[in-house]
Amino acid sequence: MTNQAISRFPVPDLAELPDDIRERIEGVQEKSGFVPNVFVALAHRPDEFRAFFAYHDALMDKESGLTKAEREMIVVATSSANECQYCVVAHGAILRIRAKNPLIADQIAANYRKADITPRQKAMLDFALLVSQEAQSVDEEDFDDLREHGFSDEDIWDIGGIAAFFGLSNRMANLMSLRPNDEFYALGR
Amino acid sequence: MTNQAISRFPVPDLAELPDDIRERIEGVQEKSGFVPNVFVALAHRPDEFRAFFAYHDALMDKESGLTKAEREMIVVATSSANECQYCVVAHGAILRIRAKNPLIADQIAANYRKADITPRQKAMLDFALLVSQEAQSVDEEDFDDLREHGFSDEDIWDIGGIAAFFGLSNRMANLMSLRPNDEFYALGR
Amino acid sequence: MTNQAISRFPVPDLAELPDDIRERIEGVQEKSGFVPNVFVALAHRPDEFRAFFAYHDALMDKESGLTKAEREMIVVATSSANECQYCVVAHGAILRIRAKNPLIADQIAANYRKADITPRQKAMLDFALLVSQEAQSVDEEDFDDLREHGFSDEDIWDIGGIAAFFGLSNRMANLMSLRPNDEFYALGR
Amino acid sequence: MTNQAISRFPVPDLAELPDDIRERIEGVQEKSGFVPNVFVALAHRPDEFRAFFAYHDALMDKESGLTKAEREMIVVATSSANECQYCVVAHGAILRIRAKNPLIADQIAANYRKADITPRQKAMLDFALLVSQEAQSVDEEDFDDLREHGFSDEDIWDIGGIAAFFGLSNRMANLMSLRPNDEFYALGR
Amino acid sequence: MTNQAISRFPVPDLAELPDDIRERIEGVQEKSGFVPNVFVALAHRPDEFRAFFAYHDALMDKESGLTKAEREMIVVATSSANECQYCVVAHGAILRIRAKNPLIADQIAANYRKADITPRQKAMLDFALLVSQEAQSVDEEDFDDLREHGFSDEDIWDIGGIAAFFGLSNRMANLMSLRPNDEFYALGR
Amino acid sequence: MTNQAISRFPVPDLAELPDDIRERIEGVQEKSGFVPNVFVALAHRPDEFRAFFAYHDALMDKESGLTKAEREMIVVATSSANECQYCVVAHGAILRIRAKNPLIADQIAANYRKADITPRQKAMLDFALLVSQEAQSVDEEDFDDLREHGFSDEDIWDIGGIAAFFGLSNRMANLMSLRPNDEFYALGR
């Protein structure tokens, strides 16, 4: 069996962490019933941990023209293109819960073009994939396509911003070989 | 919501199908409790149906140096690379059942390099992906790598043959836009 | 000189084959004057042999809105993209004969966009290449493009089905390193 | 002439920004003599601004086994692969200054394999490009290669972390079509 | 039927050409029995014509550690990778003649890895393809591989130079949509 | 530090070169104040040297619907896509001088889509990149796009011809690992 370690790098004990980080982790544990591995693995670098989750929250928790489920769709679709096992499994679970739909995450991870989504959501994911895979060629026509589907420019920032942020997240998870917690697989099914 | 049809092509009624095909489908239904959509969608072309499942059975049901779970690993890994939603979802379910492991299919679909598999299975999937994505460059060194992991030449044919057959299957499913049955998602979890 | 074996795998003697397979091979020999290597190489696995040729015949020999020459165009174009030496050489010969055109196979193998074909045939090959190389992105607009060229949905299945089947065939030939018979090169010139 | 706007999105006036952000920007202006456009463009989203620069500083300003010039090499090499005009131009300037070498940035941007760098730095950039372009295939052998060049595991995190963070940064800059300040081009030459 | 013009650009009459060009063309006609279309199509630009053929002759007609057949192998293999119909067809004919082998051109065009060539020629073509498709990553190890097969550095220049020159030639032929003369297809079979 | 040799191949002394080549090089030195390394490196092969510069001059020095600056834009954009350090650095300098613009070369090298160029120049570079990276798919629609921007067919030949010629030049420079002269970096800034 291949290595089942959480990360290729040292994973700190909760007790040795700075208070703010330990408290955030304990809060998550209380809410979710377990500590997602990304929290303990990234806590190896407290400053990066703080910046990472601040960035995450700024995009994923704020008011937006995108629903929280739509934001998770972007995470799952781009993380699948980047073959990020942790993000596909963990955010697939969150997407199932947010969308109250047990099928949607697997559909999007395998081929978002054939998922049970609206044409507007399809356009959103087309753009997210473009930012994720070939951001250098984003142009005004791509913005216009989204505007025709009713997205505001702030929405477009949100779509592109989430795709960009998980561009970072996916690479960190693949660098660490971050292991998804077993708990995620069955959530929301 | 996008179209939720089973296929872009006409889907026949069971009653109008040739006896041998109808009987095979009824047999599957009896065993599984539902009819996987690939059966009814492909039945639109009876001769192709017969050849397709004969080829499938010749590889997937026979004696082999690969376990049935290992063969399903090949299907899931290569179908994910080809973004075949039907095959990832349907064979993911079969893999969970064959391997008696609720996590393995999602792990392999997202990034087989980080799945809970043995080094021998990792080598098997490396080769399967090579046949699936770049068969023109398969050479003797690739065979030698597999032999060092204990695979016989007949095993190598099996690995490559399954990758090749699902090369056909994935393309047909994407051509038809074949929809996975809802039942598959929860099987074996 | 590199190895000139027919296949990387064992090649059976005609005498040791099951009757139905031996008879099919003898029939081909009688008609063509030689036995194409794919027949003896695949006969190493009788069940796969039977399914393979049943699938082949179901697509290539049946009534269709595509002429037999057009079907061979699809084979040559997609096999060239997959760098399948056996299929390009063998089906190039068949295409020259079917089309009664000694130039067409080499033209299509090198760059089908510049071959002496009609705009309808160009659209057919564009779609075949899409199914062959990137089936996951086939969408309704691709179907509409073909319909505008007068293709029925059954014709579209045929185009995609041939591209998909030779997706299997090309991978098997590259796995086996299947050698084209010398006889093919001069046929139909 | 194409549009010379700083960003596709609204750019805030300094006066209307939250105090902490305005003060950071004023600090940069004092030190550099101008305000790099990334500061004002990202300030459109104060929370993302704060997280972005916190992440940046955590990687680029801390103690590390990599010199500051080496860290900028990683930025220039990966940003060039991502065709991020802003990052290549702005961090090219910083690299020239940090390395006290007027040629190094253009060399690395064009083809880092031929730049005036040490074999150790070449190995560092090979790994950074791997994380940047294909993080899903990072494996233990890649870590071993770096260890042989004397990099510690903490150094490897730094290399991969910088490549990952600029994966985010490059995508944001291309999303915004962020324009490099004219001042950068001549700095350090 | 698609356009069968020789070129997308104007093709001059022999009579209106400068003497040196007309004489070269007449010399080719005398020797070959027909005028390959590349001569009349490029003659639209006399200065480019002169430079093109001077470069061609400097590589293809001189003394070299590579036989003339081996040089044509490089042309066919790289032109096939670039999907240059003219060069594959025309130089395929020349290769058959130079190598006195009616099969070799089609074998190399389809998949040079499986052609009837020596391991030394295989290494030569591997390097030619590297220069043709990804010259930016050529490094000292590639040179060493060729030296181990007995190639001198001058031979390596020849291999890379031919791959580079046909990089130009293939692009010009595809720009012009240069049509191969019908005569080429049957030559040397 | 990596090797700082001018070329992987022998570099001749000026004194030992044929008169015409030595005189050309002395002329360049007189005009520029230094001898660009491409002259001495290519002089290792006098016949290729003569043909190379004859081809260069036929495209770059003649009358054309493209300004000399526009022609250098094509060189910089396509050489950057090919990661040719010598051509990006050397022709970047020439572009700055020809365009009397110290920013334009770095802008185009990093991402030409965001450079300070006109829509007509953007279309010119789109086509140049197509010829450079995927000439096999150039079709009539691409010509029509350029004609709508006011380019004549002779202009289109010039654009494609320059992209094709630097396809050769970039590959030779990467084969030789040709080092840009230090003088280029600061020219025209």
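Chains: A, B, C, D, E and F, in written order; residue numbering restarts at 1 for each.
Following the convention adopted for this analysis, a residue touches a chain if its C-beta (ideal position, glycine included) is under 8 Å from a C-beta of that chain, and two chains touch if they have at least 3 such contacts.
Model, not experiment: these values are computed from the prediction.
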Original post:
Can you list every chain that touches chain C and also touches chain E?
Top reply: B, F
Original post:
Using direct touches as single steps, what is the fewest number of steps from chain D over to chain E?
Top reply: 1
Original post:
If you tally the C-beta contacts for A-D and for B-D, which one comes out higher?
Top reply: A-D
Subject >> Relative to chain A, chain with the most remote C-alpha centre >> reply: E
Original post:
Degrees of rotation, nearest 5, to put the Cα trace of chain C on chain F?
Top reply: 120
Original post:
So how far apart, in whole Å, are chain D and chain F when each is placed at the average of its C-alpha atoms?
Top reply: 28
**OP:** Give, as an integer number of Å, the spacing between the C-alpha centres of chain E and chain B.
**Re:** 43
**OP:** Between chain C and chain D, tell me the centre distance in angstrom, where each centre is the average of that chain's C-alpha atoms.
**Re:** 50
**OP:** Identify all positions of chain D at which a residue touches two or more other chains, and write them in rising order.
**Re:** 83-84, 111, 136, 174, 177
**OP:** Pull out all the chain pairs that touch, please.
**Re:** A-B, A-C, A-D, A-F, B-C, B-D, B-E, C-E, C-F, D-E, D-F, E-F
Subject >> Parts of chain D lying in touch with chain E, wherever the complex brings them together >> reply: 111, 113
Subject >> chain F to chain C touching residues, read off their complex >> reply: 136-137, 139
Subject >> Contacting residues of chain A [partner chain B, same complex] >> reply: 1-2, 4, 80, 83-85, 88-89, 92, 102-103, 106-107, 109-111, 114-119, 122, 174, 177, 179-180, 182, 185-186, 189
Subject >> chain B-facing residues of chain C, complex >> reply: 8-9, 44-45, 47-48, 50-52, 54-55, 57-59, 62, 82-84, 131-132, 135-136, 138, 140, 143, 153, 157, 160-161, 163-165, 167-168, 170-172, 174-175, 177
